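Chain lettering (A, B, C, D, E, F, G, H, I, J, K and L) follows the sequence in which the chains are written, and residue indices restart at 1 in each chain.
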Amino acid sequence: MADEQFADYTVPGLATENGHEIAGLLQIRLHALNDLQLTLKHVHWNVTGPHFIGVHEMIDPQVTTVRGFVDELAERIATLGGSPSGRTGELVGARHWGDYPLGKADTMTHLTELDKVYSGVISDHREVIAKSGQVDPITEDILIGQTKELEQFQWFLRAHQERSAG
Amino acid sequence: MADEQFADYTVPGLATENGHEIAGLLQIRLHALNDLQLTLKHVHWNVTGPHFIGVHEMIDPQVTTVRGFVDELAERIATLGGSPSGRTGELVGARHWGDYPLGKADTMTHLTELDKVYSGVISDHREVIAKSGQVDPITEDILIGQTKELEQFQWFLRAHQERSAG
Amino acid sequence: MADEQFADYTVPGLATENGHEIAGLLQIRLHALNDLQLTLKHVHWNVTGPHFIGVHEMIDPQVTTVRGFVDELAERIATLGGSPSGRTGELVGARHWGDYPLGKADTMTHLTELDKVYSGVISDHREVIAKSGQVDPITEDILIGQTKELEQFQWFLRAHQERSAG
Amino acid sequence: MADEQFADYTVPGLATENGHEIAGLLQIRLHALNDLQLTLKHVHWNVTGPHFIGVHEMIDPQVTTVRGFVDELAERIATLGGSPSGRTGELVGARHWGDYPLGKADTMTHLTELDKVYSGVISDHREVIAKSGQVDPITEDILIGQTKELEQFQWFLRAHQERSAG
Amino acid sequence: MADEQFADYTVPGLATENGHEIAGLLQIRLHALNDLQLTLKHVHWNVTGPHFIGVHEMIDPQVTTVRGFVDELAERIATLGGSPSGRTGELVGARHWGDYPLGKADTMTHLTELDKVYSGVISDHREVIAKSGQVDPITEDILIGQTKELEQFQWFLRAHQERSAG
Amino acid sequence: MADEQFADYTVPGLATENGHEIAGLLQIRLHALNDLQLTLKHVHWNVTGPHFIGVHEMIDPQVTTVRGFVDELAERIATLGGSPSGRTGELVGARHWGDYPLGKADTMTHLTELDKVYSGVISDHREVIAKSGQVDPITEDILIGQTKELEQFQWFLRAHQERSAG
Amino acid sequence: MADEQFADYTVPGLATENGHEIAGLLQIRLHALNDLQLTLKHVHWNVTGPHFIGVHEMIDPQVTTVRGFVDELAERIATLGGSPSGRTGELVGARHWGDYPLGKADTMTHLTELDKVYSGVISDHREVIAKSGQVDPITEDILIGQTKELEQFQWFLRAHQERSAG
Amino acid sequence: MADEQFADYTVPGLATENGHEIAGLLQIRLHALNDLQLTLKHVHWNVTGPHFIGVHEMIDPQVTTVRGFVDELAERIATLGGSPSGRTGELVGARHWGDYPLGKADTMTHLTELDKVYSGVISDHREVIAKSGQVDPITEDILIGQTKELEQFQWFLRAHQERSAG
Amino acid sequence: MADEQFADYTVPGLATENGHEIAGLLQIRLHALNDLQLTLKHVHWNVTGPHFIGVHEMIDPQVTTVRGFVDELAERIATLGGSPSGRTGELVGARHWGDYPLGKADTMTHLTELDKVYSGVISDHREVIAKSGQVDPITEDILIGQTKELEQFQWFLRAHQERSAG
Amino acid sequence: MADEQFADYTVPGLATENGHEIAGLLQIRLHALNDLQLTLKHVHWNVTGPHFIGVHEMIDPQVTTVRGFVDELAERIATLGGSPSGRTGELVGARHWGDYPLGKADTMTHLTELDKVYSGVISDHREVIAKSGQVDPITEDILIGQTKELEQFQWFLRAHQERSAG
Amino acid sequence: MADEQFADYTVPGLATENGHEIAGLLQIRLHALNDLQLTLKHVHWNVTGPHFIGVHEMIDPQVTTVRGFVDELAERIATLGGSPSGRTGELVGARHWGDYPLGKADTMTHLTELDKVYSGVISDHREVIAKSGQVDPITEDILIGQTKELEQFQWFLRAHQERSAG
Amino acid sequence: MADEQFADYTVPGLATENGHEIAGLLQIRLHALNDLQLTLKHVHWNVTGPHFIGVHEMIDPQVTTVRGFVDELAERIATLGGSPSGRTGELVGARHWGDYPLGKADTMTHLTELDKVYSGVISDHREVIAKSGQVDPITEDILIGQTKELEQFQWFLRAHQERSAG
């Protein structure tokens, strides 16, 4: 998001520079969630093995959820006066992580790999929660709401892997 | 359900003492179903392992069903002139079975344990069907309807465990 | 479908003999799909083992789909001037395949067997696509639409069996 | 349903041999209802004449109803420990009635013929109601519920044929 | 229902005279329920006082329920070969009870009066349950289902009047 | 509707005696519509012959419509300060027409008879439209709206009987 | 559609002249379907006789279908760069058929006449399918989809007229 | 609507000649509304320019509304004993206005032109309101209801063109 | 509504000065209904005492109804060429009534007070019905429709207060 | 909100004086939102010009949203022990802003004016967020949720006005 | 929740010991809400007196709400790495409150008693809000959301008891 | 899609090498559509100027449509035996086009740019239609269906830019 893309306003009651700084922090979260929705679909198509149908179907509602988060963050950036980027090339250039490593693979292998992806996304979200909470409680609240649902889905991923004695 | 809690009526066409006796038999079925809805949710939260998602999701519609049965029995008790009890302490004091024994455990371990719980609930339901049928065909019909669905869900539990040659 | 069952019309713009010939080709596809909806339900009831619930539930929407195809083909036969037969005895007498071989069996055993059934139904559908395309693009389009969904469901069957390195 | 197909369980509170005997009685009812859903669709496609649309549309909700009964009986057989068969060849081999005799025909001719089919199915259902009632009130209740709706639909068939003075 | 109104059939598996006898018993139940739906609406319009809105709204779903029972009984009579009468004059001539006695009145006065009406309808229903159960389990089941809901609504009426110590 | 049943109010802007007079005119329309809903159901159950299903199904939405009119008129009476009567005996005593004359009869015979019933109800409605229009435009509007739909349904009845050259 | 009404584009991958030629062919199909939706409504209002209600109701869903086709073709013309005309005078001037000949008439007379209308519309549609298939598979696919449903409805028309031995 | 097309009845309480005269007045309103629904769709397809999407979407609900009015008037004509004509050629021959003059054009040009069309349709509707009100309040009420919605939509057309100072 | 706010048009068929005069009469009705929706919500929040829940819930659907009336009147003013005002200060300056006098109070106290509010609103509505009916039947019809529902709700208010002997 | 209107309770865990103080702060927010819903409707009716339809329709969902906020704040005041006021006169007396200044005006003029209104409402909301957060996290959370949606709508208003280079 | 039941993980970005400590705090909240849903149903069945229907119906949506909270907290415990317990015996052993004291009782008596129950649950929730807010903003947010709705329902309970001067 | 990712099967009736070749052609279409859904959202967030709301809202249903196409193609690749890739880095590496060039910009500037994007996607789709049609009619049919909707949306884009004389 180049500087010239900022509007000369931000939300009422916030210093313009603060609003634009938050917008900058959100842009990288937007890339992360956009990549996540694509990764989730990729896994949806490439899981194999006897647990196929359950895992295949478990992912789709989460795709819908994450796509909703993408829209929520992008429109928050615009509300704060920024210009949200949803461009693929820009995403790949800006991210500090690589492509999802698996193609076709057994469900359990995919769930283990997705678990790592979620740990990364959630940790980064929590950092921006901490930063934004000091400046803008609205943005903080949006990120808390998203993290709540991402963490719950990660529990699904983990519960498949857990071995319990009973 | 203390004696003083009985109204001076029961349903038309039934002797008051018969109506109240049936209400008494239903109170313990009410405790059993109330305990069952809590147990099902407990399992819903504590299953683990590679079959997690299928079993986790299979349980929720059954919770809804059993909660409907709880309401149906309680309102039948009231209709017969009794005062249905949904109190936890009273439930624990009155039941002839203990707490569900498992915490976190593999799906198959839970399904095996739940199967036993269902055998108990269904056997007791069938006994009250036999007793109430001689006095009140309405109550008998309610219990037959509930047993039909409980038995079908038990088939789900058993089908997971069955090993067939084909 | 006995000859005397044909109406003296077929769809406008098609030679009557061509229309009736297509109707004849569709009758055996109708038998195949009618048998398939019964086979799918049979599997729905007879799968066992730890993957029970996922496979049991995966089959029902496909039954609905195939029953829709049955109706679509039968009404196409009637539209072409034929008299579609949905009679069981006639089906068994006319088919070039036998009864589904499994009773109660593990989910993976059933999925493997169903996979073979689908290969047969789809190959035969593709043959009639090729034949009808030269005469009647409407019938061709109906069969293409059905084959598309049958092939996608077969992917579900196959994805359960596939072993991938990742 | 071969003997080796029985599980070693039946529903709680019922002797295993009794449960399996009821399951055996239900298998032939399952064949009858499976044949009925196919016959109803066959009539749906083959009625002709000035009353076409009314009768064509009257049949479809009944198809849905009977398909629901098929599923209900098959899952009751499984619940009782049996292995329900939905195989066409087995159906034709086991039934004590023949294929539906009509192809394309006038609505009134079809309704008269269907009326006979219903008399057969209902009489057989009532016999199994009488037998099962002594052993298993759940099965009895299922069959009573189905017979209620089959008899109501038969009234539709008969009302078309009745000639009343007013 | 004049004799000449009977068809020459009844439901399969039942002696024609038995079917027609049951139909005769149901005709008076039909009058009772038809009168009840009108009485309930009459009360719906004429309740007054500070509890108006709650009682006014409580009655409407019960009207819907009772109208459904009216249809169910009338179509059962027709199914059994009778000719159900929904004529007002015939109803008034045949009933063994009088018009509902209240016009505008306080809610509690109406609920007390309705309670009596329900006691009458339910007692009569239970008598026909007993009589029909020996001949036709389908009719018995219909009446049991109706009585179940009528009794539950009577509990609503009674609960308003009850004075409990707690 | 006895005099003592009137409230000491009517709608604002209307003389109390005018409001109560309109309420009195509406009471007999209420009886007519209440009788009509019962007659329509009676016909719904008693039509026979080859057009059974179409006519049987055509009547039910009209029953729903007329029941809505019943409620609308009764609550208008109450709004005007009257006490609407839905009592059967009172209806029979107050009406200037007799019971519907047919039992089981052919659809065309019933439609011809119903046509006469509608001519009566509509003519009477139009008379009260004329009378009420001079006093209370709200009541006039309600009756115009009802007559519109009653007349449209009468066209259905008549269209069945019409013989046109084309 | 005058020449000056064409845009300077057509769909990508198609020669502009080809796109505009297809648009020209579609304009007359648009007139045919627009006339058909009006004719269907005309019949809906003017059928009489004992089969009135069934035929009256059978036509409305087809009106909805044909109106959907009208919109689909008109927007395809616009997509191809043309300017679709929905003007009545232009329609009457351009069509090679006359007004529907019947006013009020018996259902069977109307169905026979409509059958002829459908033969015309379908034959013309099939001709444009053949022509467009060589140039633009998208337009071909649209027309195949429409013809499929028009032919099925024509079967309804024909089935009413057919006299079958059974 | 030729004279011989009139039935020998009209609605109860109206002189036959009056009913048929009203039907005659309504026929030209029917043509106007039928032409209007086609014109609206024509505009829906042919608007262009930067306001395209808003105007394109604003028109479709109005098409649905006007089509409902067409049906309402036609069935009123039939109810009054007439034979409503929906024939295109007859429409063009009977109308006192010409084809809509625009093809593809800017949204504002179309809205200005449509505004004129609405002025014509509404003025003519108001004239028939005045005439019919003296004879048949039902028909008057139908036309008032239609005019209300046509006028509101015309406000939409006008609001786009208005230039206000604020 | 200042004079300069009028457009130079009104609805077709009405003299511009008449249309603008009606718009002026409607503006004060608009203020009354806007105040009413706020008052109803105010009561919704401030009722107390043992009848709380029934009255609290009875008011909300009426709020929705009155808000619909507000929109209907305002858009009618605009349609007639006026500029509807929904401004609070203007409302308070123009009204001939004061603020609703109660804060928190018992349900019966509130219902009595609301009853007075309704008498005022309805009387004023009826006056404008009388005035507008001579000029514009569309506006008259809108106000009749609103008054019908306002009067019915007032019956609810009154029925709570009425004391009847029964 | 006069002092005597406070209940002697507030929510558990909060000092009564703190709860009542928060309630006091919320009352002026309630006035602001009540005024806002009226202003939004006022704009909905008075926008004009070529962008009419888009802006007219964009406002209605926001009205629904703000009305929901009004209810949420008022019921929070009541929950805290206060007596929420929805009275218009009180609103006008208490507010620190004037009536919305525009009548009929071009969409862009209205959007610019509304933008100012939103800046005011949002700034005031943010101040109460800061104050309430130190005392009652529940109230803070309610206001954060409202501000989030108000800010997003303000982005809509601003995006219309923004001129971007691309 | 025994120590050995904890997983070796908690949510990303939180120290494992902190996550498990929060899970421990939530377990007792889970018991409280589970007890509350049972108590609410108990009251639903046991209220009596003239306000029966309003209170009976007011409770059911709250049961649904509280059951949703139960699920939300239990799955949060699992997400944090704990093993949520829904066992009745464990609940009774762990709680610091007793069984709900009333059986059948007048509505006002029950509402007063329920009010006390809510004060307890809400106070305890607020304490955990304070504790968890320092560690985990996600858990804090969940509890704030629940408390908001519990407090609003408590207002319902209190509003019934309040006596206001108005 | 690396070679080792292919399964050893493809759809029945197709040579494995042909199936895998088609899958390869589809992978690049999948990348194009995945990029398109992201670009559409990017535009949805970044349009500005007086036409903001119309264009902002026009894009969202198209996003839903294109996301459905993405899923359809990816599952077709899997059905053909391939391993569909939804990875962002792989997409950027494989595409023969660059990032969408605009950030915040006026609606018309964006629509012009999007028009170019659509021309590219559609031309490439048409090429694969031609290639796949010779081998696999199912894949051809999927692509025809997608192209149909993409072309219609492109008409929306173009209609905004067109300047017509009318």
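Operating definition for what follows: a contact is a pair of C-beta atoms (placed from the backbone, for glycine too) under 8 Å apart; a residue touches a chain by one contact, two chains touch by 3 or more.
Model, not experiment: these values are computed from the prediction.
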item	value
Joint neighbours of subunit L and subunit B, given as chain labels	A, C
Angle, in degrees to the nearest 5, of the Cα rotation that carries subunit G onto subunit J	120
Centroid distance [mean C-alpha coordinates] between subunit I and subunit H, Å	31
Distance between the centres, which are taken as Cα means, of subunit I and subunit D, whole angstrom	60
Whole-Å gap separating subunit E and subunit J, where each centre is the average of the chain's CA atoms	53
Where subunit H touches two or more other chains at once, by residue number	7, 51, 54, 75, 78, 103-104, 141, 159, 162, 165
Chain-level touch network, classified as line, ring, star, complete or other	other
Pairs of chains, among all present, that meet the touch criterion	A-B, A-C, A-J, A-K, A-L, B-C, B-D, B-E, B-K, C-D, C-G, C-L, D-E, D-F, D-G, E-F, E-I, E-K, F-G, F-H, F-I, G-H, G-L, H-I, H-J, H-L, I-J, I-K, J-K, J-L
Complex contacts: residues of subunit D adjacent to subunit C	1-2, 5, 7, 34-35, 38-39, 41-42, 45-46, 67, 70-71, 74-75, 77-78, 83-92, 98-100, 103-104
Complex interface listing, subunit D residues touching subunit B	4, 7, 9, 11-13, 75-76, 78-79, 137-138, 141-142
Complex contacts: residues of subunit H adjacent to subunit J	51, 54-55, 58, 107-108, 156, 159-160, 162-166
For the subunit L and subunit J complex, residues of the former touching the latter	47-54, 56, 102-106, 109-110
Parts of subunit L lying in touch with subunit G, wherever the complex brings them together	118-119, 122-123, 126-127, 129, 133, 140-141, 144-145, 147-148, 151-152, 154-155, 158-159, 162, 165
